[in-house]
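Down below are the structures I want you to see.
The following pair of complexes shares a single chain, subunit A, combined with subunit B in the former and subunit C in the latter.
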Partner chain A sequence: MPDPIHQFDINRIIPIKIFGWDASFTNSSLFMVVAAVLTVGFIMVSMSGRSLVPNRMQSVSEISYEFIANMMRDAIGDGWQKFFPYVFTLFIFIFVCNMLGMIPGFFTVTSHIAVTAALALLVFTSVIIIGFAHNGLGFLKLFVPEGVPAAILPLVVVIEIISFLSRPLSHSIRLFANMLAGHITLKVFGGFVVMLLSAGGAVSFLAPLPIVAAVALTSLEVLVAFLQAYVFTMLTCMYLSDALHPGH
Partner chain B sequence: MSGPADDRGSGGSRKPPDDAAAFEARLSDLEAKLGKVKAARGDPREAEAEARIRGRGMAYGMRMATELVAAIIVGGLIGWGLDWLLGTKPWLFLAFFLLGFAAGVLNVLKAYERLRKDIAAETGGRIGRRVPDDED
Partner chain C sequence: MDAASAKLIGAGLAAIGMGFAAIGVGNLFGQFLQGALRNPSAADGQFGRLILGFAVTEALGIFALLIAFLLLFT
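So, the complex of A and B:
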């Protein structure tokens, strides 16, 4: 049976060593570059016309702009415009990486926790920096909910701090685990087809069954690929909203 | 459109009077049927809002589990680290594990509250409306 984990192997394409650190250009780096180039290229080409009545490609760019803008307006409220480039880049990068991963033989960048954790920690640290920059020490109000009796306040503050610290963990694990699990499941069902066929005889006639399952799973995975990019972005918006208005 | 064999009922005014009456009857019959189907299906805008809410519900459902587990892990790790620093094994680990669980429940409650607010705003308060607790 083909190894379902093999698809996540990292291979060095151009080995690079910086002061003993392994900073090689890997297949993961390659697909990140592909995602970035595809996105920038598509947006540049689609927006080159800048017509008042958009054609199809321009519509795609405009719809994705409006999708993120509406999400941010709802979740962040006043002052969302400043963070639009950041959130939009995050969403498009994760979405394109997830979707590239759906193409057979392609590497799924977001199926590695190193990548998702880096993205989540980026959000986490930027929320802390933006929070303190915007509200000064008032940002600490985030950990002190209103209307709590003084007797249990220390306990509640500790719980709130743990809740805050758990954000980057849940933020990164959700994306990574969903992509990893989905791709393993697809591979396992694909492996069943090979196993049934190679078993020979009457058993081979069962081979179409896992194909049907794999087709259904593929469409589910496309949905998950979008949903996870959406969830990651929506949570980023909520955290940014906390950084801007920690009072509630 | 112009032929006499046109029986699609598209030009009611050009037909003889009895034909027009039959056409009217068919039209009202169709309207009644359509009304029944519409009543059974409900408002299309409502169905659209429900579909959107279902998508968001899926997104939130995927959140809940990791929110709970992540807080427990972080709580446990903090306790374990403090134990290691202060040499109080295993008490701080146990205490922070429980606090982590509380933080996890808090995370889930916060996420739920957010979802409820979103849906209430979207549907004008028909779904996700707060119902007074009858046990108080």
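So, the complex of A and C:
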């Protein structure tokens, strides 16, 4: 069976060294640039008409705006507007990266923990900074839920702190593991076709079965690509809501 | 037992976790349908939460699958 991990290899396209650090332009960077250029280009072209009655392309931009705006209005409440550009950028970037990865032969940027961990740590640090800037020391109320009996309060505070610190971990691993496992599964099913065909005889007539499974899995993966982008931004909204209104 | 066969057994053990995630996802959609059939007008408003719960539950199964893959292919 061909090695299913091979699709995640990172190759240097333009080697760059800055003060001994390897800052090469890799295929991962290339697809990040492609995702950014596609998004910015699409939104600029689609919104260039600025017509009152939108055409098809403008509708796509407006629907995605409305989608994120509604989500933030529900999850964050007052003061969501300030964070809209950040959350919208996160969603569109992750979604386009996931979708680009679904095209055969393309590299999936979000299947590397380095990328997702950077995104999750960005959310984590900005939640801490926004929380303290917005509430001062009142942000610490996040760790002290109201209405808990004094006897078990120390235990609850410790649990709350641990769950707060483990947020970036689960936030990044969820996206990364979903993309990685999905792409490996597709590759493994592709490998089954080759194995059945090379077995020869009557067994090779079974070869179409894994192809059917791979097609079904591909459609599932398109759903997962959207869902994981949605979940990542949804959790970002919930964490931002914690930063704005702690202790509720 | 050599390391290669121990890895294969470990991958099989890790994949057991996916079954429990399957129970969770089935439970989730079952409960949602039960609630949605009782009060269909409120069902659409809870779709976001359903999907969130699905993704969070499914991710745990994916973690188990990830461990299995890491044992098999690295």
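Following the convention adopted for this analysis, the second predicted complex is superposed on the first by the 248 of 248 C-alpha atoms of A that agree within 3 Å, B and C clash if a C-alpha of one lies under 4 Å from a C-alpha of the other, contacts with A are read in each partner's own complex, and residues count from 1 in each chain.
Everything that follows uses one rule, which is that a residue touches a chain if its C-beta (ideal position, glycine included) is under 8 Å from a C-beta of that chain, and two chains touch if they have at least 3 such contacts.
What you see is a predicted model; the values in this text were computed from it and never measured.
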| item | value |
| --- | --- |
| Partner chain in contact with A:48 - subunit B first, subunit C second, else both or neither | neither |
| First (subunit B), second (subunit C), both or neither touched by A:173 | both |
| Touching partner for A:181 - first (subunit B), second (subunit C), both, neither | second |
| Which superposed partner A:162 touches (first subunit B, second subunit C, both, neither) | first |
| Partner chain(s) touched by A:234 [first = subunit B, second = subunit C, both, neither] | both |
| Contact residues common to both interfaces of subunit A (with subunit B and with subunit C) | 74, 170, 173-174, 177-178, 227-228, 230-231, 234 |
| Parts of subunit A lying in touch with subunit C, wherever the complex brings them together | 3-5, 71, 74, 170, 173-174, 177-178, 180-181, 184-185, 227-228, 230-231, 234 |
| Of all residues in subunit C, those that touch subunit A in their complex | 48, 51-52, 54-56, 58-59, 62-63, 65-66, 69, 73-74 |
| Complex interface listing, subunit A residues touching subunit B | 74, 155, 158-160, 162-163, 165-167, 169-170, 173-174, 177-178, 227-228, 230-231, 234-235, 238 |
| Footprint of subunit A on subunit B - complex, ascending | 55, 58-59, 62-63, 66-67, 69-71, 73-75, 78, 96, 99-100, 102-104, 106-107, 110, 114, 118 |
